[in-house]
Amino acid sequence: MPVVTVQMWKGRTTDQKRELAKAITDAMVEHANAKPDGLHVIFQEYELQDWARAGVLGVDRKDEKP
Amino acid sequence: MPVVTVQMWKGRTTDQKRELAKAITDAMVEHANAKPDGLHVIFQEYELQDWARAGVLGVDRKDEKP
Amino acid sequence: MPVVTVQMWKGRTTDQKRELAKAITDAMVEHANAKPDGLHVIFQEYELQDWARAGVLGVDRKDEKP
Amino acid sequence: MPVVTVQMWKGRTTDQKRELAKAITDAMVEHANAKPDGLHVIFQEYELQDWARAGVLGVDRKDEKP
Amino acid sequence: MPVVTVQMWKGRTTDQKRELAKAITDAMVEHANAKPDGLHVIFQEYELQDWARAGVLGVDRKDEKP
Amino acid sequence: MPVVTVQMWKGRTTDQKRELAKAITDAMVEHANAKPDGLHVIFQEYELQDWARAGVLGVDRKDEKP
């Protein structure tokens, strides 16, 4: 532990995830004294029809992009 | 916030999700005083081999349908 | 199944949760053809210091109330 | 309830999940007095680029295999 | 990884969790070829008013006990 | 969206969470093009008896501290 789960729109590249995993791990080590060895970062990606805000699916919103 | 996560069998149409997102959002506003702007509804869909009840996978149950 | 998880600020009464559970269950039955018997609704409540939006904890925001 | 969620690398067969679901359900009944009827086991599978340990994605680690 | 999350009623003793963690870890090693070192088991406990089945909170059901 | 959930041992101060929420939000904006307004960071804290690694509860490990 810890485990950090990132839920976001589909579409980030592996390289973006690589940078995110590093930056989030660094933040956890710096601000929460986490030991990197047991620290997990998990990415869950969602399609636009699988996430709604204010009752409106991403696929129906004009301001949302993957 | 709040965030409402719905885990269910794969197979609902985008239109069903649209209606669900609206109905759940309305329920949260009416019964929990939630403000819609920050209210998220997330759908996670599962295959029949990825969910067991009473120790039996959906793919092995006769009463389960997607 | 399905399982619906509601994450929200701490402070709703048991009666509000009772109404929410009913309304969300009804929505799942009506719009997703869910069978009520296996349908679970789970509430997770959070303190104001345990949820941030736009990088700011609830405890530091003036527009957030439990 | 209860609900047991298993997050793991992609690649287990349906038969492995079948054995896992049985074994986990048995463990819950034996050690937690759970009733099997309402006991759910959910599998979530992840690609190697969607899980990092110690800040390094599975796809970049030599000791990780699906 | 993997991460196994157990959501259940409040009330199990530390000793029951100790046995559960061992049994679930053994099941993951035997049936999913998991390596124990990175294998996490997380317990989340819920009050009777925070979990509903079939639209009825645990606190209102006669067949549910912690 | 996105939603970032941090699961860790109990014991961080509100100030540590404040710094973590900022740093994780910055990482999401920089590396994932996330818009801060809809970006949530959620903290879940666990007691030592509620998290096992390698089949051993935190309360039984000598190398784990909150």
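Going in written order, the chains are labelled A, B, C, D, E and F, and every chain counts its residues from 1.
Criterion: a contact is a pair of C-beta atoms (placed from the backbone, for glycine too) under 8 Å apart; a residue touches a chain by one contact, two chains touch by 3 or more.
In this text, all values refer to a predicted model and were calculated from it rather than measured experimentally.
Using the contact threshold fixed earlier, the set of chains in contact with both subunit D and subunit E is A, C.
Under the contact definition stated at the top, the chains bordering both subunit D and subunit F are A, B, C, E. Of the two chain pairs examined here, C-D and B-D, the one linked by more C-beta pairs in contact is B-D.
Residue numbering shows that subunit B and subunit C use the same positions for more than half of their mutual interface. With centres defined by CA atoms alone, the chain at the far end from subunit D is C. In this assembly, the C-alpha centroid of subunit C lies 20 Å from the C-alpha centroid of subunit E. If you average the CA atoms of subunit A and of subunit E, the two centres end up 25 Å from each other. In subunit E, the positions touching at least two other chains are 1, 3, 7, 26, 38, 40, 42, 46, 51, 53.
Shown here, the protein chains touch in an arrangement that is not a line, ring, star or fully connected set.
Here the touching chains pair up as A-B, A-D, A-E, A-F, B-C, B-D, B-F, C-D, C-E, C-F, D-E, E-F. Contacts from subunit D toward subunit C in the complex involve residues 1, 3, 38, 40, 42. Listed in rising order, the residues of subunit B touching subunit D in the complex are 7, 46, 49-57, 59-60.
Those residues of subunit A lying in contact with subunit D across their complex are 14, 17-18, 21-22, 25-26, 36-45.
Across the interface of their complex, subunit D is touched by residues 1-9, 12, 16, 19-20, 23-24, 26-28, 30-32, 34, 38, 46, 51, 53 of subunit E.
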